[in-house]
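These notes open a run of structures that come right after.
Paired with chain B in one complex and with chain C in the other, chain A is shared by the two complexes that follow.
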Partner chain A sequence: MSARAYLRCLLGILVREALRFLHQRERFFGALVRPLVWLFIFAAGFRSILGVSIIPPYETYILYEEYIVPGLVAMILLFSGMQSSLSMVYDREMGSMRLLMISPFPRWYLLFCKLIAGALVAILQVYLFLAIAWFWEVRPPPIGYLLALPALLLASLMLGALGLFLSSVIRQLENFAGIMNFVIFPMFFASSALYPLWRIRDSSLLLYEICRFNPFTWAVELIRFALYARVDWLSLAGVALALAVFLGAALLGYDPGRGMLKRRPGG
Partner chain B sequence: MHHLRTALLGVCLLSPLGAHAYSVYVSSEKDNSITVVDGETLEVRQVVPVGQRPRGIALSKDGESLYVCTSDEDHIEVLDLKSLKVDHTLPSGPDPELLALGPQGRFLYVANEDDNMVTVVDVDKRTKVIEIQVGVEPEGMGVSPDGKWLVNTSETTNMAHFIDLSTHEVVGNVLVDQRPRVAQFTPDSRQVWVSSEIGGTVSVIDVAKREKVHVITFAIPGMRKELIQPVGIRITDDGSRAFIALGPAARVAVVDTKTFEVEKYLLVGQRVWNLAFAPDQSRMFTTNGVSNDMSVVDMERLKVLKSIPVGRLPWGVVVGP
Partner chain C sequence: MSEPDAPALDVSGVSFAYPRRPVLDDISFQVPAGVFCVLLGVNGAGKTTLFSLITRLFLCRAGCIRILGQDLARDGHRALADLGVVFQQLTLDLDLSLRQNLLYHCALHGLDPGTMGPRIREALAGAGLAERAGDKVRQLSGGQRRRLELARALLHGPRLLLADEPTVGLDVRSRQAIIEQVRETCRLQGVGVLWATHLVDEVRPEDSVLLLHRGRLLYRGTARGMLEAAGAENVREAFARLTGEREAA
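This part shows the complex of A and B:
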């Protein structure tokens, strides 16, 4: 098949995802409310908790609001990644997934297109959130907004791939809620999104190690550094590695020959 | 590429930026040293050892030396800024803490915290000229730009003492809030601003009438009132804005000098103490005593650019060549 056909396939999936987003505007803005609540209410309560130490990429003291913005950005990507995989489970139950999967394009390509489409919608939400944060006096350097784009894309793909993999092992929608609780919350709280890791090390070394090897921490730090025009190579490598692993697992999961998607009782 | 680099170099050489390179000198009370920081690159250039407990510092009129109150040595050390070595000492009376240089650059006015005196030192003859009795625990020293007045504050008496520099006599006192620390004249010499550390206020005093015209108060959301302890004050050359260090509140207040309203609070390091402006007033430097660093503020955008470590217990800060 020609590259043109591939492009058309990507566009098709993008348009479908865009339509879904247009039809579910509540979901789009609902996804924005969550980080804004954290920023306006939670951060206000913890305002003076930081400012005792300067950690890279920051060069001076910052308010708590400024610290958690990259974490909240990553939270948008995490929820969005999980939600788009939720829609995969739904699609599968409704049969539209089958329709997609019988198209002549290779399966990995179709799944990758889904990921890209999900990522773009999530990134749109991120920039809207960053615009609101700007009025809340959280103002990274202007160039940071541009440099954050590749970091956002990579992190979003990684979290989307994780969702994709999870959706491949879930049979029914009901099970998904459990996975959300077992994946999203531990990932979010055991990360550097809400508090710098040195603070966690002060209370528990084990927890610190867990946080350090949490792919979500890498995503948060990658975005944090990029927003301040710097590259955190370790997090970059971590996110890339996690993307490869999750994507590989998702492809295996969606491979009918290997069977996670194979006909199962009730599936 | 090569052409571009040559062109850029040319621009750098021609631009006034290159010509106005300056240094920031920070006294470190606990390390007994003066840290020299490049004002443009913000890199620590050198750490110069001086006597015990250096606190107040001032630049000489010719900009070639730095007067350092080495409090526990009971004298003032004169640091030659070319060789960065202590060249000689000046008598100061016991426990010198803060000093101010007269506009002619000849007389140095020193507060002696322990014996309730202000000592006037002739820097050329290297002798004490006179000692003036003031209130208990003298601290802040401000000389009016027109050279007529010296205002000294006494921490325990809670007064600003007006000393006539032609007679060296105290001619008036103004009661201010608790524990006055710093006195700073406006560029037109018409007002003197006095910060009260415990009172948490800054009193604006009319020099001619010798009475308070306004008392500035501060409020930071989520910050306990006791933590707001104003100390260092600097007023821009055009007299439009005042910057006030708020100590443990870790903020510098930006105050409009016409309305006396706080425009903004800038987050800096812990226990921000003293302030200094760059020669072109584009940047401000703050000493942060507890976090052991110096914050650099962009004065146009009112944004803190960076905080850099400068030795333990940084106290005084001065900008010089």
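This part shows the complex of A and C:
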């Protein structure tokens, strides 16, 4: 296969995901409601209780709304990653996943194309959210919107790869809801998305350590620093490492000699 | 590169088991180019598992599968390029149009959508769906969806076609139309066809037949030869005698 053929394959998968997204506009806008509720209601209510001291990358005191926006951005990526893996479980149950798997391209490449397609849809949602947040007086420096793009892409790929791995080990759609509860909520709440980690350290050292090594925390901090035109190298390394691990696990899960063998026998 | 004189499909000594459940036991057969080969077996015989091995959805650990001479285990990606598949389960995207589904298939085979336009129109016309190109697949009947799947499976010019019970659930007229279309493709284009079914009335005397039962190949040869071997007057009777069952429809 030539490089051009690989590109055509990627474009074909991107177009298909874009068309599906156009057919599911409710899902796209529905995914925005969740972070907006947190921003408009939760943040307003907790502004006075959850004060934030000056912590990097901020150089002055900030409102709580400003603090949680990177966390809510990561939340969009997390839910989007899980949503696209849910659609892969659906595709597998409905049979259309087979079409992808019997393509003459390497399986890792096909799965990576799916990941890229999911990430692009998620990033579109993020920028729409950031535009709304701008009107809510959450205004990072203009260059931050541009510099956040690679951080968003990396974080989105990492969370998408996690979803991909989960979709490879889940047999049926019904089981997916349970896994979502065991993955999404612990990941989100045990992170720096809603509160700085020093506040958690004051309450529980163990929980603090758990939060510190939560890949979602790395994603949140990577995005937070990037939005303010800075790089958090530790988080960058953490997200890159987590991406490699989750992607490796997903590829193993979709390997015909391993994960695929566990499928239900047919006729 | 595929070997021009190699059989379209060569399955040699293939065995497979799910955890604690053997499914296929030492299966060997060939499907030459331009031959319509019926894989006959009741539900649970192992047909779909065999298809999953040939399409590389499952890894073949015991035995060897070659498509046009290319070893699936060693050169799987190239081997799959010569393969067209119609799965038992519908694999079309219902919310996309007929044309979009075919374009997606082209992309998955690395084909240029710009130059595939005439071929897509031709494929849709051949399936009697030219007027419906822009409609969503959801709006098609069961028979039309199957015809579209068949057109899609042949779009990239494969030399081996696998069809896993593609006529199940269709009325007699739709079934006949589809099977005739495949026979014609096999004859005119020299495509080797492996057609899995449990419906004995889809077998013709001149067809090549593989009788799969409980994971074992009980007969391999022509349908006419199967009647002689079983001392039967028709395929249904031959099937019953050779398998000891009367489940085939």
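Assume the second predicted complex is superposed on the first by the 254 of 267 C-alpha atoms of A that agree within 3 Å, B and C clash if a C-alpha of one lies under 4 Å from a C-alpha of the other, contacts with A are read in each partner's own complex, and residues count from 1 in each chain.
We take it that a residue touches a chain if its C-beta (ideal position, glycine included) is under 8 Å from a C-beta of that chain, and two chains touch if they have at least 3 such contacts.
Here the structure is a predicted model, which means the values were calculated and not measured.
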In the superposition, chain B vs chain C on chain A residues touched: C
Which superposed partner A:54 touches (first chain B, second chain C, both, neither): first
Touched partner set for A:16, first chain B, second chain C, both or neither: second
Chain B versus chain C as contact partner of A:63, first or second or both or neither: first
Which superposed partner A:204 touches (first chain B, second chain C, both, neither): neither
Chain B versus chain C as contact partner of A:172, first or second or both or neither: neither
Touched partner set for A:181, first chain B, second chain C, both or neither: neither
In the complex, chain C residues that touch chain A: 18, 21, 23, 43-49, 52, 55-59, 61, 77-78, 80-81, 83, 85, 87-93, 95-96, 100, 103-113, 165
Residue ranges of chain A touching chain B (in the complex, touch as defined): 44, 47-48, 51-52, 54, 59-63
Contacting residues of chain A [partner chain C, same complex]: 1-2, 4-6, 8-9, 11-13, 15-16, 19-20, 23, 94-96, 98-106, 110, 255-257, 260-261, 263, 265-267
Contact footprint of chain A on chain B as seen in their complex: 221-223, 250, 267-270, 291, 293, 295-296, 304-307
